[in-house]
Amino acid sequence: MMSEMIREDGRKFDELRPIKIEAGVLERADGSAYLEVGGNKILVAVYGPRESYIRRLLQPNTGVIRCRYNMAPFSVDDRKRPGPDRRSSEISKITADALRPALMLENYPRSMIDIYIEVIEAEGGTRCAGITAASVALVDAGIPMKDIVVGCAAGKVNDEIVLDLSEVEDKEGQADVPIAMMPRTGEITLLQSDGDLTEEEFAKAIDLAMEGCRQVSELQKEALMKRYSTE
Amino acid sequence: MDIVPEITRQSITNLVKNDKREDGRGLTEYRDVSIETNVISKAEGSARVKLGGTQVIVGIKPQLGSPFPDTPDLGVLMTNCEMLPMADPNFEPGPPSDDSIELARVVDRGIRESELVELDKLCVEEGKHVWMLFIDLHIIDNCGNLFDACELAVMAALKSTKLPVATIEDEEVVLSEDETFDLPINNELALCTFVKIGDKMVIDPTLDEERVASARLNVGVTKDGHICSMQKGGQEPLTKDEILYCVNTAVTKVKELIEYL
Amino acid sequence: MMSEMIREDGRKFDELRPIKIEAGVLERADGSAYLEVGGNKILVAVYGPRESYIRRLLQPNTGVIRCRYNMAPFSVDDRKRPGPDRRSSEISKITADALRPALMLENYPRSMIDIYIEVIEAEGGTRCAGITAASVALVDAGIPMKDIVVGCAAGKVNDEIVLDLSEVEDKEGQADVPIAMMPRTGEITLLQSDGDLTEEEFAKAIDLAMEGCRQVSELQKEALMKRYSTE
Amino acid sequence: MDIVPEITRQSITNLVKNDKREDGRGLTEYRDVSIETNVISKAEGSARVKLGGTQVIVGIKPQLGSPFPDTPDLGVLMTNCEMLPMADPNFEPGPPSDDSIELARVVDRGIRESELVELDKLCVEEGKHVWMLFIDLHIIDNCGNLFDACELAVMAALKSTKLPVATIEDEEVVLSEDETFDLPINNELALCTFVKIGDKMVIDPTLDEERVASARLNVGVTKDGHICSMQKGGQEPLTKDEILYCVNTAVTKVKELIEYL
Amino acid sequence: MMSEMIREDGRKFDELRPIKIEAGVLERADGSAYLEVGGNKILVAVYGPRESYIRRLLQPNTGVIRCRYNMAPFSVDDRKRPGPDRRSSEISKITADALRPALMLENYPRSMIDIYIEVIEAEGGTRCAGITAASVALVDAGIPMKDIVVGCAAGKVNDEIVLDLSEVEDKEGQADVPIAMMPRTGEITLLQSDGDLTEEEFAKAIDLAMEGCRQVSELQKEALMKRYSTE
Amino acid sequence: MDIVPEITRQSITNLVKNDKREDGRGLTEYRDVSIETNVISKAEGSARVKLGGTQVIVGIKPQLGSPFPDTPDLGVLMTNCEMLPMADPNFEPGPPSDDSIELARVVDRGIRESELVELDKLCVEEGKHVWMLFIDLHIIDNCGNLFDACELAVMAALKSTKLPVATIEDEEVVLSEDETFDLPINNELALCTFVKIGDKMVIDPTLDEERVASARLNVGVTKDGHICSMQKGGQEPLTKDEILYCVNTAVTKVKELIEYL
């Protein structure tokens, strides 16, 4: 029975790793959040809406968001050279795409919202974790949104579709399907799929990842409630 | 950045609403595809693909190198993409743009995740010498849907690739001067790209269709109908049903594309 | 007798390699051309006259041309790293110098003509081939010119002055003299000379290269005629 | 660049004139200090330091490498500092700014010149293999006085660092999978930073104090009260007496700071 | 007795290396100077006050100085790669800080003074030598100053505090304290200290370095007198 | 970019029309040349050249390295040119400009194509160890005609270069501490540069002459009167006769220049 399968770390097929989310962890940033999931440690800061020093990026009729996903040199087993590489450039791009639909950027012409995602420690699934944390930081910055975007992945390990792959499962598994969604409408704002899946397996993975998103979404709300209740 | 005239936007959107397109195609119909291989004599593998007006050239060059420490018995693939300023007035010379990086990585992941290149057969001496294949994508004319054109070109070039036979003599690698072997390939793959215009998903978009689209979905499918890579792009979300529709359509269309190889 | 000397590839001392020129090969570019000579394959696109995104390059009283000569990574035996190197920067510069005299840039103040030369495959003599192809692409773009600049090289191999060195002859030969000229006036717009030549040999090389230019010039015109007759 | 409102400038200057400060501290009083070590499981050494609202994280990663030719039996330290755009709206992504380079170099010189890391014990095989320690400073929140926060963080991280035991077998380095050793440290150090506001020297400046200050002085002092590094910064000069006052004060304050380690 | 201690090169503890300073050695620059001290050879050029091509560097209410300290690839035993590194970036920054207090920049709003320091040959103490030479070049450029900034270092070798460390002494010594000062007021505009010093030793080093500065200051004035007498 | 005042342009052009020049020289007359060698003690070869007000310094540093695979028994020359911002208010710091690249490459080709450095004598062990000579050009004062000044400086510096004797012991290169040998040079060369002003070709142009010129021609000639390198620059064409005139003149003038070496 799939639901009784024990995973390498003892989780059930549809079980998330332990998650901790905290809003408002930095002084200077307009909004910030800290997230731990499994061995991942992610810090996000949001600045804006503000004028940008890079004027050519601004647009007359709408606001612009810019996202920078960055891994600390010490966040992985073999030290990573500082600065952007191709992987982080791609993740920055699709993270901005994933968050943009929830923002009402047309209300902020000629301005920029900057989202800085720092992976302090990485253990599989940092792009989804970064999106989840970034949404919390955006709320913390007081930026109105249609919905709080949330990210989660499903994948295929030992021919089973399971939720929220750990680093080991990602490396040894057969497929990884990270998504982000707006929980109110169920619309999907990020979708990737790597590895071997039949059409049926893919459909199952999407359903499971969406279910995971809904669970993480509750934790986002709790973190924000806690933030506002302590203020 | 391109601003699409409002009139173009309306015209394309209205056409698509009625299941029609600028160039007369149906919503799930590809433009003409032509593939030519061995177009570069100095490259060990090469192909030129035309997809409508879009044109790309791929050249593959091997180099002997060291394997990665965690895969000592596997060859290495490196995919690089140059969006040449020749191809589009909006492409700029200089380091690869984010679009160019995404294109290269999506095309690369298709090849990599489908595991169709038998990397273990590119090992010359475990832990010491493996073949590194440099797959260089040269975009020379951008009339829309670079993703599918590039993946076809890479696939065709890989199939045409011949490497010199390498042996170890006295602890050194010796390359045969005349003997070659075909790059071992055990599967085939194509990428099938959709954009969302209004409420419809449209396959193989032209440049203007790309510009007015609100979202994009790349679906990589292998010859045996398995999904090996996907990527959503664009400013707006997609519903689950839209995604499943695309996947289902792609499984059929990829079979057509693979026939060109 | 020099005229009977057989070269490594069987050519006579004053014989060009086979040449194929085609105008109008790309959709997006304002003008384009494709050229094969020996094993060389060259593609050229022209954009302009247009406003440039790099405003500081524009000049109030005249148009500006910018040239980018680039070799594809797979165009040579050992893969070339993508991007400009010192050699390609120099060739870009002197190619722009070679083409500029034929253009009536003073008619296009505040605008830019961009010429992109891509060497898809290289086999000796790419700079001259690039200039020859670029001129055809400029005509294809409908840019009025005083003359159609054409390039060709002469060189010294086995102590003989010969026309249009192949890659092998360039490598093993004693000198290479690439030139470009405006065939109507015979004025020289590009000239380099590498290797050992006496004054007399140099004069002979210039004469031979100019003669080569005149032959290639006819092929340029044919390609353009064909282009216009098929339109 | 930041322009400080004239009213802030006047208010801070007047307070300091009367030996007072915005946040109620005395002129030689530090903000709250908190130090946490082993905050990154994947780093061999790490620390997070809060100094008032300022926050920095340091991670230390070792790599085996070749020694410098003139010191064949010594390990190597490399200090790098990222002033993350997250930390301050004026920090920009991209290559390190001059401020960031100066910060990294001043922090590094403190460690280096005090010779507190026993580099000879980081030699695995003379002339061939030594440990290189990459000390990466990650500035995540800038509320002033990054210098002292960073030096404390590096010091704490070094003290927490454990390296795998390395031995030579058959001319190759073999790393023990479970056995580690503490990075050998034979001293402790802290940096004590002053800025000049009006005619007074003020310790541990806040961001606003830094902005209105005319000069800066960093004084690095070891546990045994020796001066191991100094750096003057800022637009205006200092007198000899001001410098000697800072040195003298630093010798006392550093003892307090080191207690946090 | 310390004052009788013989140093590796025979100098007394408070003795400078031989110095040669010359003002006005370049044609194009607005001001220039050449300085030799020990084996160091330093060339400085000053341009300005002038408008800058980098407009964002200019400030509406004051002039700006920019300093570029650069070592020639051939100035050191092992060839140095051309271009700025972290060390030269830091020295450029603190050199600008060291010279700025003497300049009346508020008189030059919206303009820039550029100071280019080229180390042609290096033998210990180049940053101080660069500052000393730069001041002479600034005077040669006719830029009014409150004082002529001068640099000199003291250090600790064999447990003694000595003046103006040579390359060997710097490498083998225990500490190096380079300073720059404005001789009229004795105010210190640059101060670094590397290595092990007690409070007392540091005080002694500062005094000695200041005394060295006063001696070098006289040589600066001589060089400028010579320059003006020959004009 | 420099805009030359119209009055300067007219004045220079009129002078040249009448075979005269600003500084009283004839059209084929050089400015004063002075060459000093061994000006950098830490460089194995060096020279400072003044050509009128133009000043350049060249330093040559050797390094042991691997030969190129296709020339396993030859040493390697690397020429690099820094147009220092010190030398000219229009030179900017940063990566080499196109002008700087062209200058370095033309100077380098002269040396390389004349084959005057006996590269085979720079081989220490075939296929493994050869001397690489880094030739660094430092432009410190630009008063026109950098080409000829640089080529003279490189030539003089090469002639002054002494390398340590290298031998192979136990498969490792050992450098003698006191024994050196002169860099083997078997020829001499100079570059002779002309610009076209009005209808005349003018030798050794000043900066203002360069600015008003319509074309440039560099002619590299060896001691024995052979042409080893040429490069045309500038916005306007040259006729064949102009080129042949320059070549002929250069053959004579280079003899004069080589006497300064």
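Order of writing sets the labels: A, B, C, D, E and F. Residues in every chain begin at 1.
Heads up, the rule we're going with is that contacts are C-beta pairs under 8 Å (C-beta built on N, C-alpha and C of every residue); 3 or more make two chains touch, one makes a residue touch a chain.
Remember, predicted model here, so these are calculated numbers, not experimental data.
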{"item": "Chain D and chain A - chains in contact with each", "value": "none"}
{"item": "Between chain B and chain F, centroid-to-centroid distance (C-alpha), Å", "value": "48"}
{"item": "Inter-chain centre distance, chain E versus chain F - centres from mean C-alpha coordinates, in Å", "value": "32"}
{"item": "Pairwise touch network: line, ring, star, complete, or other", "value": "ring"}
{"item": "Running round the ring (origin chain A, first step to chain D), the chains in order", "value": "A, D, E, F, C, B"}
{"item": "Residue numbers on chain C that touch chain F, as the complex places them", "value": "86-87, 89-90, 92-94, 97, 100-101, 175, 177, 181-182, 185-199, 202-203, 206, 210"}
{"item": "Sites on chain E touched by chain F in the complex", "value": "26-29, 39, 41, 43-45, 47, 50, 53, 68, 70, 72-79, 82-84, 114, 116, 118, 120-122"}
{"item": "Chain D - residues contacting chain E, complex", "value": "96, 98, 101-102, 104-105, 109, 113-115, 217, 225-240, 243-244, 247-248, 251"}
{"item": "Contact footprint of chain A on chain D as seen in their complex", "value": "40-43, 46, 53, 55, 57, 59-61, 63, 80, 82, 84-89, 92-93, 95, 134, 136, 138, 140-143"}
